[in-house]
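Listed next: structures, encoded as structure tokens.
Each of the next two complexes has chain A plus one other chain: chain B in the first, chain C in the second.
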Partner chain A sequence: MQKDVIQPKSWVLGACILPGIAWYVYVVILPMITAMRNSLYNWSGGPKMTYIGFKNYQFLMRDSIFWQAFRNNLTITLLSLIGQIGFAFILSSLLAMRFVRLKRLHRTVAYFPSTVSAVVVGYVWSVIFNYDSGLLNSLLRAVGLESWASPWLDIPSSIMYVVSIPIIWQYIGYYMIIILAGISSIDQEVYDMAEIDGANGVQRALKITLPLIKGTLGVCVMLCISGNMRIFDHIYSLTGGGPGNSSIVMAMHAYKTTFIKSQFGYASAMSFGIMVLSLSLIMFSRVLIQQPWRKEAAIDA
Partner chain B sequence: MKKLATLLALLLIMSLAVPVLAEDTVTVMHLTNLQNPASDAPMSAQNMGELAALQEFLAANPGVTVKEEGYSDQSTYQQKIYTMAAGGDLPDVFYLKGSWVSEFVNNGWAVDLTSLLEENPEWKAIFNPGAFDNFTRDGAIYGVPTQSMVTSVVFYNAALFREMGYDSFPTDWEELYEAAAKFKENGYLLFTMGNKANWPAESCWLSTIGDRLTGTDWTNSIISKDGTAKFTDPEFVSALEYFQQLALTPGAFNIDINSLDESQGREAFLNGKAGAIVDGSWMISTLEQTRPEFFDDLEVAILPAIEGGKGAPNTASGGPAWSYALSSKALSSPEHFALAAGVLQAFTGETSNRVALENGEIMSATVEFDKSKTGPILAKFLEMMKDKSTVPIYDAAMDSVVIETMNVGLQELLINAKTPQALAEEIQFQYEMGN
Partner chain C sequence: MRRLGRLLVNLLLIGFSISCVFPIFWVLYSSFKSQAEFTISSMALPKVWTMANYVSVVTQSQMGTYMLNSFRTTLMSVSLIVTISFVMGYCFSRFRFRGRNLLYTVILMGMLLPVHALLVPLYIQIRDAGLLDKWYTLVVPYVGFGLPMGVILTEGFVSSIPRTFEEAAAIDGSGFLRTTFTIILPLTMPILATLIIIMFFGNWNEFSFSLVLINRDELRTVPVGLTMFRSMYRVDYPRLMAGMMVALMPVIVLYFLFSDRIIQGMMAGAIKG
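And then the complex of A and B:
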């Protein structure tokens, strides 16, 4: 009897979450199904739609710009994994140390860039990278490294590294906060014991913190991959995908295909391809982190 | 019951009264900075004309509201209008570019204006011969042209050119290479360009260089898709080669060509660090208002002749690229259509064209206007164009899929990241896909 008092009937529970589910179906599932249907048509946005089966997907497999965009996404993801999570781990390990002063200030300052709109970040950095009057080149010229000054946003071979810098810079603070939360859940006594045993800062970070926040890092990696697979606005405002297509990413290619070339059907197929690629990448990273083939790791998880 | 009947009768009378007062709203979307008083860019002459015409229209039609949405940037406008078109949500009157016409017609988004123009012969008569060509498909007219722009005008700093030993702008392409070297030696640039938005290289340069090499028949064959002309034809490939060779000549261009936007690209010219800029005739009214220091020495020319080319040497790409069109939304009722057509006529009518011409715009229509108001640069330009003719602007006449491939590829071509042959093949591939 008493159980009934605290536990509402299952239909009540169901009714409570129904609006949420209905909304989710309407804004996520339904568009996905529509996109799947549209991807089978040759469609330029108007009333005329011609059924062409899987032709759009065949074309996608041979679309060299799409695969170049995918490679660019992978480059950004890899650089971000190292840059964002790596730096965030180092910074949060430092912030977790006892002798660091003004911890709150450091946290706020490091988190601040994440609150700025990506378009603003892109614009600010395009000013920094400007050839004639940019901050970076002015600095290089001021210290006598005249020959190092380059039109940073105009060199196709290094453009992906250049556009990754603002992206990495912006999100370090974001991952730092997540990792700090993970570190704060570790019992302080573990650190105290290690200190008594004579472990230095680096040893404590690598041998204690790292294994104990593996779950948190897994979440960071997943967020990082999914975030970088749909990266768009930074690059749009920095280079617009240029020079040529050298800094194009998948989302931008889909966007240009839709709104500039108005190939809506093909763009739907492309978005579907992006989803499949991103999901498999995330799944792959989960497997790598959990390492189900290692027995003790399986127990840990 | 009687009360209810009275009420219903009253409501009926009121609803009848509405169309008599013509209380209606016409929606308009176009490219303009007239709705943005905060913008520091001077209002374009075409916008001045449209504003004057709109005020006349509103005075003549009390009770009518015109809801305007203006965009100052072409790419933003393009994305917005395509999204609205696909969503079936176009405004009544909108700005339509020549290269979009096929898509808008095939999808039934744009209304056939032929009969409207036939019913108003005095309106149709003001337009220059051929003005409707870019907006006509299978004999039906879908847009009424506004500016007749020349997209490839050389604006040059004559004082700086004299300093380098040139009395006028070079008339032979080969001279450009020497000029670039001379300018570089003295710490100047020959040209400056901001090609981040990727259309200037194609619209302002390639449309003219292309014609010099291929001749206009080739371009017309590409536009009509009759299958004889190909982008891989040696003439077009050699146009790309000429353009690339100039771009790669030290001193010819700024090295951050693809990361500067249009106005950043103009800076080096306006502050005297670059000798010339190739821009559209729309820059004339801007120049008249901003008046750079060397204003009196500012001269105009066209791109030099290229020896051995199939095209005429005294041409520049030009013509009407933009038009006003009506969407199928305007057809909701005959009264509404009459009002929307009224706004369309106002924007492209006598007043609008007269004010624009007086303020230094080149229009597709010929109307009487006060020539004493014409500024010095426009006078020089009109004088220079007297013995010149115009050839098609690529992005006003070719389909947007082809243009996008060309524009993106040109960015790479200019920095030697793509060969002319490879780019020509890419464009041809997209061209064949679209047919």
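And then the complex of A and C:
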């Protein structure tokens, strides 16, 4: 290979790259390895560790709360895929129309909730959902739907739908910005031609925008899945996982297992389980998106 | 008919925009109510505007300390992320060296890994290293988690800058460091601005690692501090809302001052990503 005029000496290069690599390895890679080791022990966090082989994993397979948490993560993910990306697609298609006024204002305002701390979002919505003085029930009573007023955060059967609302609300604008970025890269002439040919707004959105921003939507789907697999702050501040364990999510279960029950070995096994489940789901969605014969399914799912 | 359709689309978007800010707006005006008035009607504007809740936040809570902690942590993390990512992203983009592809793949993995699976393992590791409850503790995970995105964004951006800039500089006798920081750095400013924005909001709002790695009240950051505040005033909603407004203020001011830049940066980042 010809010597490159700009290539620095290798120790300079090393000094530029290695500190960052070391930092990253210490924070991301090393904990994974130690978690794998710790997961083979019965350990309550102190100096005493008892080797128990794969018992923690056997226990994890039968831990009904963990699997409920996983199902809850899946529910939130599914609702978010429909709610966040679906709404974001509709709203950005509308926003991209030529006659829409106040475009910049809409964009600015829509993105705002994603910059707010998830804890604040959780608390705000916990007040909105409050039975006695919450905004939602006051609104229902004001319009004469007294009987609809409910203790929203105390009904186990519908709790997952209720906690998904703030999560969806917070991030519609985030996906809107990503989708708008995708739409802005489409040549305006394509739309003009379609308009001349008599395509209406819905047709333009479905037949032009949708196929042309397939890649962008794929990114959105992956972001949405990985974001919802690690959901924690919202649940912590809205319900704490309750009532009972009805709104528990995986990260919350691992948190409680460590800091309330002090089962460090078991929590390590659980962390490893969360990693495997999340990664497989992300990979799975990737495969779905890249298969052209399943592309609609991947986008709608 | 056509006019009506257009009007409807505009109204729909206005309705959506209102729903995006109304909850925060509601928190703002409710924070000026007394608890009694809030219980009677949570929707209405305050009849009597009171500053009592804010006085209580400032005098009776640690909110000032929490904000200082958040500010220090965010500033340190973001500067480190930007500096390290810039240097690494530049080297990964420009130079071929042994192990480059392996190292880059390992870094890329960090974008996919669910960081919350690391909550417990990283807690154990940091506890055993004796690094819990230090003023710099949170910088450790924040920088580690921020690097993958930083490296990927800069790597992609530097690839779009022609090599001739550096080759010309090298022929003129400019050394590696000088070329990197006086020629390349200014050119990568757009993507670094995006990175700063993403990382600022991410680190300022980060909750779970802050919750488990910091136990001393005087080191807590704003999001965790709010949960302390909440457990103190469980049913006094207007006072909690005043606390939330104080906690949100820096983000709101910054966001609406720089919203155009922030959104442009996010859109640029989205196209790259």
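Definition applied: the second predicted complex is superposed on the first by the 278 of 301 C-alpha atoms of A that agree within 3 Å, B and C clash if a C-alpha of one lies under 4 Å from a C-alpha of the other, contacts with A are read in each partner's own complex, and residues count from 1 in each chain.
Here is the rule we go by: a residue touches a chain if its C-beta (ideal position, glycine included) is under 8 Å from a C-beta of that chain, and two chains touch if they have at least 3 such contacts.
Just so it is clear, the structure is predicted and the values come from calculations on it, not from any experiment.
Participant: Per the contact definition in the header, classify A:272: touching chain B only (first), chain C only (second), both, or neither.
Facilitator: Second partner only.
Participant: Which partner does A:190 contact after superposing on A: first (chain B), second (chain C), both, neither?
Facilitator: neither
Participant: Touching A:206 in the superposition: chain B (first), chain C (second), both, neither?
Facilitator: After superposing on A, A:206 lies clear of both chain B and chain C.
Participant: Which partner chains sit in contact with A:82 here, chain B, chain C, both or neither? Use first/second/both/neither.
Facilitator: Neither partner.
Participant: Looking at chain A, does chain C or chain B touch more of its residues?
Facilitator: Partner with more touched residues of chain A: C.
Participant: I'd like to know which partner A:287 touches here: chain B for first, chain C for second, both or neither.
Facilitator: neither
Participant: Which of the two partners, first being chain B and second being chain C, lies in contact with A:259: first, second, both, or neither?
Facilitator: both
Participant: If you stack the two complexes on chain A, which partner ends up touching A:145: first (chain B), second (chain C), both, or neither?
Facilitator: In the superposition, A:145 touches no partner, neither chain B nor chain C.
Participant: On chain A, which stretch or stretches are contacted by chain B in one complex as well as by chain C in the other?
Facilitator: 45, 130, 132, 258-259, 264
Participant: Which residues of chain A touch chain B in their complex?
Facilitator: Answer in residue numbers: 44-48, 126, 129-132, 151, 153-154, 156, 239-246, 256, 258-264.
Participant: Using the touch rule from the top, collect the residues of chain A that touch chain C in their complex.
Facilitator: Touch list, chain A to chain C: 1, 4-8, 10, 12-13, 16-17, 19-21, 23-32, 34-35, 38, 45, 91, 94-95, 97, 99-102, 104-120, 123-125, 127-128, 130, 132-135, 138-139, 142, 169, 172-173, 177-178, 180-182, 184-185, 216, 219, 226, 229-230, 232-233, 236-237, 250-251, 254-255, 257-259, 264, 267-268, 270-272, 274-275, 278-279, 282.
Participant: In their complex, what parts of chain B are in touch with chain A?
Facilitator: 78-79, 82-83, 85-86, 103, 106-109, 196-198, 254-259, 400-401, 404, 408-409, 411-412, 415, 417-418
Participant: Could you list, by residue number, the parts of chain C that touch chain A in their complex?
Facilitator: 6, 9-10, 12-14, 16-17, 19-21, 23-24, 26-27, 38-39, 41-43, 84-85, 87-88, 90-92, 94-97, 103, 106-107, 110, 112-125, 140-141, 143-145, 147-148, 151, 163, 166-167, 170-171, 176-177, 179, 201, 204-205, 207-208, 211-212, 222-224, 226-227, 230, 237, 240-241, 244, 247-248, 251, 255-256, 259-260, 262-263, 266-268, 270-271, 273
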